[in-house]
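Here subunit A shows up in two complexes: once beside subunit B, once beside subunit C.
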Partner chain A sequence: MPSLLEIDSVIKSYNDRPVLTDIYLKCETGDIIGMFGRNGSGKSTLLKILFGILTAERKFVRIDGKVFDCPYKTKNELCFLPQHDFLPKHMKAAKAVELYLGKDAVETFFADNILKKLNNNKVSELSGGELRYLEIKLLLKTESKFILLDEPFNGVSPLLVEYIRGLIVESSKAKGIILTDHDYKNVLDVANRYCLIYDGGIKTVTSKEGLIRWGYVPG
Partner chain B sequence: MGLRTRITFRITKVKTKVSLLPKLTFVIYLQLDIFISNHPKYKLLVICAGCIAKP
Partner chain C sequence: MCEKISYTFEIEIYKKETKMNNIGLYWEFHRSTLFLNLVVSVGSVLLTKSFLFIPITMMTAGPFLSFFHKEITAKNEYYFYYNRGITKVKLIVISQLANIITGSIIFVILLKCQAS
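On to the complex of A and B.
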């Protein structure tokens, strides 16, 4: 059954500087929402508020009509890829996958061109791109209904970006995905809905021309 | 993000042949850590990060 994630009436300021003013965003199963915005516009802030790890002056997060104060405390609703790495450095990659997906899933998980030789490596021994790919794949393979990806393509080579895009599209059949990244061309290609945070509000855009009109992309 | 916590364990059973109790170091992941807040089941994870057997 499709699920619906809504975030409504978000107001957030930093030191009296309003960053988000009355934001509303919804995401349904099957959606890949590409979120754009200049540096400091509040994209990451919005994702953190949505996940529940950052407080806001006001916010309502609803999943299938039910209000959640801290969605991350309810398992299998939301997962969040932060800009930084989140897997423990000292842990073996295979152990991290086992802890998330179970022992039976490990072999299948590592049976792809990128990860096939990395299961015995510690997380600290992976390159930045490999670790990003591992973390994204791990979150997308969970049973969470919605996945929030903050800069999934950052520091990732073009080939890995292709793989990540494939994972995102495949996973969107059963999940809703919200992603933000300054690699706007890849975001435009992979997403099926777009929005732009501008001056504290959220604008719907449908193409690159919309991004030019709002001054995110040079014309 | 990140929360440092100190926990004291009283070890009552040791299943090793070390005659004296080892000194153990644990890393504790709480739900405020994104590793745990993303986890499908766990709300707390304690991992033994090192074991120094006392002479």
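On to the complex of A and C.
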């Protein structure tokens, strides 16, 4: 059954400086929403508010019509990929997968070109790109209805970006995905809806020209 | 009918596995705080010259320093637990309960050893 995530009336300021002013965003199963915005525009802030880890002066988060104060406290509603690595360094990659997806899923999980031979490695032994790929795949394979990805392509080689894009598209059949990244070309390619945070509000854009018009991409 | 029973059975297995995974997540968090806790607790013997201070420190200053250290050096790792619906408060409370139980057992054992 398709799910619907809505975030409404978001107001957030840092030291009296308004960052987000009356944001509304809707994401349904099958959506891959590419969110753009200049540095400091509030993209990560919005994702954290949506996840429930950051408070806001005002916000309404609804999933399938039910209002959530902190959506992350309810398992399998939302998952969030933060900008920086989040898997515990001391843990083995296979253990992290087992804890998230169960023992039976481990073998299948590591049966791909990037992760094969890495299941016995500790997280701290993986390269930056491998770790990012592992984290993204792990979140996308959970049963969560919605996945928020903050800079998924950051520090990742072009080949891995291709694999990540494939995972995102495949997962979007059963989930809604919101991603933000300054690698706008890849975001434009992978997403099926776009929006831009500008001056605290959300603007809908449909193409690269829209990004140029709002001054995010040089003309 | 058979299908329904099989479906219910699968859901039960899934629920059990999820519960086990959650226990595993709490254990992994606790395990990540243990090393520093133990170092501080054993180190307290050098200062106090009393073995009884191992369990006492293990229940007080040890975990406090461990959680503080995690907050400073590995704050992002909390997202690993958030994504499974576990809050920071729950992690710290459960871990501290484990410290209190372990510390109490060690305290009683050391007391008995001293008495005999």
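Heads up, the rule we're going with is that the second predicted complex is superposed on the first by the 219 of 219 C-alpha atoms of A that agree within 3 Å, B and C clash if a C-alpha of one lies under 4 Å from a C-alpha of the other, contacts with A are read in each partner's own complex, and residues count from 1 in each chain.
To be clear about the criterion, a residue touches a chain if its C-beta (ideal position, glycine included) is under 8 Å from a C-beta of that chain, and two chains touch if they have at least 3 such contacts.
Keep in mind that this is a model prediction, so the values were computed, not measured.
After alignment on the shared subunit A, the placement of subunit B and subunit C results in a clash.
In the overlay built on the shared chain, the residue A:74 is in contact with subunit C alone; subunit B does not reach it.
Set against each other, subunit B and subunit C differ in how many residues of subunit A they touch, and the higher count belongs to C. Touch criterion not met for A:60: it reaches neither subunit B nor subunit C. By the touch criterion stated above, A:88 is placed in contact with subunit B and with subunit C alike.
Under the contact criterion defined above, the residues of subunit A that touch both subunit B in one complex and subunit C in the other are 51, 53, 72-73, 75-76, 79-80, 82, 86-88, 90-91, 99-100, 139, 142, 144.
Contact residues of subunit C toward subunit A in the complex are 17-18, 21, 24-25, 28, 31-32, 74, 76-80, 82-85, 87.
Residues of subunit A that touch subunit C in their complex: 51, 53, 70, 72-76, 79-80, 82, 84-91, 95-96, 98-100, 102-103, 139, 142, 144.
Contacts from subunit B toward subunit A in the complex involve residues 1, 27, 29, 31-35, 37-43, 45, 47, 49. By the touch criterion stated above, subunit A contacts subunit B in their complex at residues 51, 53, 72-73, 75-76, 79-80, 82, 86-88, 90-91, 99-100, 139, 142-144.
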